[in-house]
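Same chain, two partners: chain A is paired with chain B first, then with chain C.
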Partner chain A sequence: MGNFFTNLDRRWIFLGMAVVVAIPMLQGLSFPEEPSEMVRDVFKAVDELPDGSNILMAYDYDPATKGELEPMAATFTRHCAKKKHKLYFITLWPAAVPMLRQNIDILENEFGNDYTYGENYVNLGFRPGSEGVIKVVVTDLKDLFANDVNGEALQDIPMTRNIKNIQQMDLIVNVSAGTPGAKEWVQYAASKYQIKMVAGVTGVGAPALYPYVPNQLTGLLGAIKAAAEYEQAVSEAYPEFNDNPATKEALRRMGPQLIAHLYIVALIILGNVIHFTEKKRGVPR
Partner chain B sequence: MKRTIPLLIAAATGFMLILSEFIPLTQSWGRKVMIWFDILAAFAFVLGGANLLKIHLQKISNRRVGWGYSVITVVAFTITMVIGLGKFGVTPSEAFPDFAWSGDYLQEGSGFDWMYQHIYLPLASTMFALLAFYIASAAFRAFRAKNTEAIILLTTAFIVLLGRTYAGIWLTAEPLAWLGQNLFGDAQALAMFRLDVIVDNIMSIFNMAGNRAIMIGIALGIVALSLKVLLGVDRSYLGSEE
Partner chain C sequence: MNTNKNVTLIVVIVAGVFLAIRAANGEFGRVYTKTETVEFTKKVRDAVGDSVQPWTVERLVARSEVNDAQGQPRPDVHLSINRTLGLWIAAFGTLCIMSFLIGDNVFYKLAEAVIVGASAAYAMVVGFWTGIIQNLFGKLIPDTMRNSVLPGLPDENNAELVYIVPLILSVMMLWRLAPVGGWISRWPLAFFIGATAGIRLVEYLDADFVQQISSSIIPLIVVAGDGSIDFAASLKNSLIIVSILTCLVYFFFSFEHTGVVGATARVGIWVLMITFGAGFGMTVMGRIALITDRFSFLFFDWLWLPKPGVDT
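Our next item is the complex of A and B:
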């Protein structure tokens, strides 16, 4: 038996991971979450703004990180829509254009009666140039965005007609999977022009953004765990969301995540037991 | 001349951007330079595409190792570009109904959208999801408590792995509340030892301190390197002398 574990083929480990993720997923296993202080700060940043505030929804992620970031992007969209904020969707990632559309579908399908394109939300789409785009739009939006994704001039759209630049935004909400993303929005827009900003990022991206909290970033959501806590905070404040299963997407994903983490902990312990057993027996490694 | 002109352009542009940060009179110049940059960035996509084709066609032509993958790359690139630029399946936009190509190339139901939803999205998600399997394998093989540093890393990993899920609350919240109530008469007295609270402290104290130090170091490095580039001391970004 000991020999089996010592020379364990990694395909068994892969199979184990597939099983521990699949079972809770198929069973629909989920756990309650307690919103942390940081998540409450993000919630308050959106919730305490007066209804109808201008919010820049900068969604910079692609299909690779969709699994981790889409639930928090969707929750941001729903939360902002509940507060009747005016939403300006924008992205610095070419592959993120359909991600913007998915969030706009949420507005159309769930808030269709209250939300009209051009009056309550607008899709500015993608422009190449990474942080160069941020540096321009903070001083003059229409220098780079003459029109929206449908080719309609911003001058003809009611909610963008009087927008000179993004310094007129009351909040920047950024969901980011890397560069360009949250760091660039903080450095070139939020810090320089004192625009309030919250961000949602991947688990690996979060540690590098902590130094910006709380002065340059009001709050930060790191990984699916924080997304689940944010969903919890939003559904506690707006119980009507509880009827919509799509608002529990991150909470649903925390079930497989917990079991997968326990599996990794078990593997580390097993690996160390083997290591120390071999060391005791004097087996050369 | 081939190297001098790019050097001068880089230096002039760089110093212009620095000046525009400090002298209000030059702010509009700085903005103009950034717009040039954004326009050039759009052209970079074309150059990038051309470069990708050149490299892979050369590889196919020379029958180098793995040329079969290059064939797949070139075919996939060409099909994607033709469908995207040709706007197959795109209906004209409401603003310009008389212009056949006025619709968005990513319009729902268009050819490009179909490829994005049914090919790119599942492939990209699968690649990212594979990480879970490799992390599990690496955790078993490489995460060994060989010395003090490794033990600290291992302990932190355990705390973060458990504290970033409901397991952290489930394992520590109730027992610590009970202990705090019985020992100190306050259920919250030992709350600081809850795994989820320890994770928050690790992230916002130890991680933040480390990251701040790294960021300051990087920023100083960027200042030094930028100066070298702008003054023409470092010319490596121009490629080789050939």
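Our next item is the complex of A and C:
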């Protein structure tokens, strides 16, 4: 038996992973989530702001990390829209422009009656320069963003007319897949100018950002698990979201997560059992 | 027959049978849209006059909204050939990339080349319009830009001659493509590296050094509002301090790691290992999230399987 597993081709493991992810997904397996303290801090940061506050929606992710970050970005957008905050969408990633568009589609399709472009939300789009962009807009927004993504002057857009720089934002919401992203927004804006900020990041990036909480980051959502908890927190506070299946995307993905993790844990245990059994028998490696 | 062929055969047979069943039983792999008209802004209409015509955009329509309540096709919704083609290319590309798990093959190489090429081209086009046109020429020759490609550029924007400097540096950077004088490109490169290092050093010192030290100065015994000791918070703070100190000792090589220093360093190694383990766990979660997203695309967007909680 041990010999069978030792010589097992890794592709069977991959096939097993495909099965354990696909079946719970097709069966709609999901579990209730209890928002953690960190997720509640993120929720409160958005929710406790007065209605109509200025929020910079800095979404720095691309299609490669869409699976992990899109659910939390969409929940941020819906939550902010529910609070009627004024949203300023911006990105430091060229490939994130369609991601901004997807979030604006949420506003147009689900909040169309309450949200008007230029009055409640604006899409500033992308500018090259990575953290250099943050360094400029934190003191002079219109120096780099003379126009929005449609080419209209910020001076002619009601909600940007009187915005000089992003220090006037009440909160920075950043969804980040890497560099430039949450770390740079903390370093060049939030930390230096004491702008309140929350972030949602990939699982890979989260451990490096936890030290910023709570002094430099009010809260941090790490990976799809935190996204699911945030969806739960928003659904609990605003039950009307329960009618919209799109607000449960991260929660739906936690079923496959659990089964896949159990599969990996089982493989790790199995691998260790085989390793130590063979070691005890003195089987040469 | 070797394992490689076994796995490939199983995957291909299962996928083939599945696709055949889907094709026989219903629709899949189609994208529907509706056309919406978009008006130019008032400023552009005033500037250009009545000759300017509105344009149209195609908005995606969810599968469940293609037909009305009576099951009849909605008149404003139509099949989008372009997007349907895009959907099939995306599905094909996803399968091509996943095929690498079976082994390196021509389909994977094709998809990889397409991704690299398309990403580079996309970044170049976006960078050209935002960086060169808007940020550089929009500042250097605003009137020309306003009358050509940037009609929305604010009227009060005047030429900022200081932007000649980045223009010159950019030309110098591209000089490496010239047959002679390739060394010229080293000067702007030196400037960019020096300036970037300088800027980052300052921000790192503030956010990642000074403020991190400040954040680490926390009470070991936390007293709650009612005067009692908050044991959970006290334990958490103590753990943070012990972890920081032991890790610092581990990276302190001026003393030999023996005795008390060695024992403390070993605790530091444990802290590091736990941190790496947590990082690995988070990475696994991220990777599974990505495969979940791709499967979601294949199953629900492409194959139109009933999405639990949405279609059922």
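The definition used in the following text is that the second predicted complex is superposed on the first by the 285 of 285 C-alpha atoms of A that agree within 3 Å, B and C clash if a C-alpha of one lies under 4 Å from a C-alpha of the other, contacts with A are read in each partner's own complex, and residues count from 1 in each chain.
Going forward, a residue touches a chain if its C-beta (ideal position, glycine included) is under 8 Å from a C-beta of that chain, and two chains touch if they have at least 3 such contacts.
Because the structure is predicted, anything quoted here is derived from the model rather than measured.
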- Message: For A:265, using the defined touch cut-off, is the partner it touches chain B, chain C, both, or neither? Pick first, second, both or neither.
- Response: first
- Looking at the overlay, what does A:215 touch: chain B (first), chain C (second), both, or neither? second
- Message: Looking at A:101 after the superposition, I want to know if it touches chain B, chain C, both of them or none. Which is it: first, second, both, neither?
- Response: first
- Partner chain in contact with A:22 - chain B first, chain C second, else both or neither: second
- Regarding the shared-chain residue A:33, is it in contact with chain B (first), chain C (second), both, or neither? first
- Query: Touching A:49 in the superposition: chain B (first), chain C (second), both, neither?
  - Reply: neither
- Query: Which partner does A:139 contact after superposing on A: first (chain B), second (chain C), both, neither?
  - Reply: first
- Touching chain B in one complex and chain C in the other: list those residues of chain A. 14, 17-18, 21, 64-67, 95, 97, 127-129, 132, 135, 144, 150-152, 203, 206-207, 211, 222-223, 225, 257, 260-261, 264
- Inside the complex, what are the residues of chain C that reach chain A? 3-4, 7, 10-11, 41, 43, 60, 101-103, 119, 122-123, 126-127, 130-131, 134-135, 138, 150-154, 156-157, 199-200, 203-204, 206-208, 211-212, 214-215, 275, 278-279, 281-286, 288-296, 299, 305, 307-310, 312
- Message: Under the stated contact criterion, what part of chain A meets chain B in this complex?
- Response: 8, 10, 13-14, 16-18, 21, 31-34, 36-38, 62-67, 95, 97-98, 101, 127-130, 132-133, 135-136, 139-140, 143-144, 149-152, 203, 206-208, 210-211, 213, 222-223, 225, 254, 257-258, 260-265, 267-268, 270-272, 275
- Item | Interface residues, chain B side, partner chain A - complex | 27, 31, 34-35, 37-38, 41-42, 44-45, 93-96, 102, 104, 106, 108, 113, 116-117, 120-122, 124-125, 127-129, 132-133, 135-137, 139-141, 143-146, 154, 157-158, 161-162, 164-167, 169-170, 196, 200, 203-204, 207-208, 211-212, 215
- Name, in rising order, each residue of chain A that touches chain C in their complex. 9, 11-12, 14-15, 17-18, 21-22, 25-28, 30, 64-68, 70, 94-95, 97, 105, 125-129, 131-132, 135, 142, 144, 146-147, 150-156, 186-188, 191-192, 202-204, 206-207, 211-212, 215-216, 222-225, 245-246, 248, 252-253, 256-257, 260-261, 264
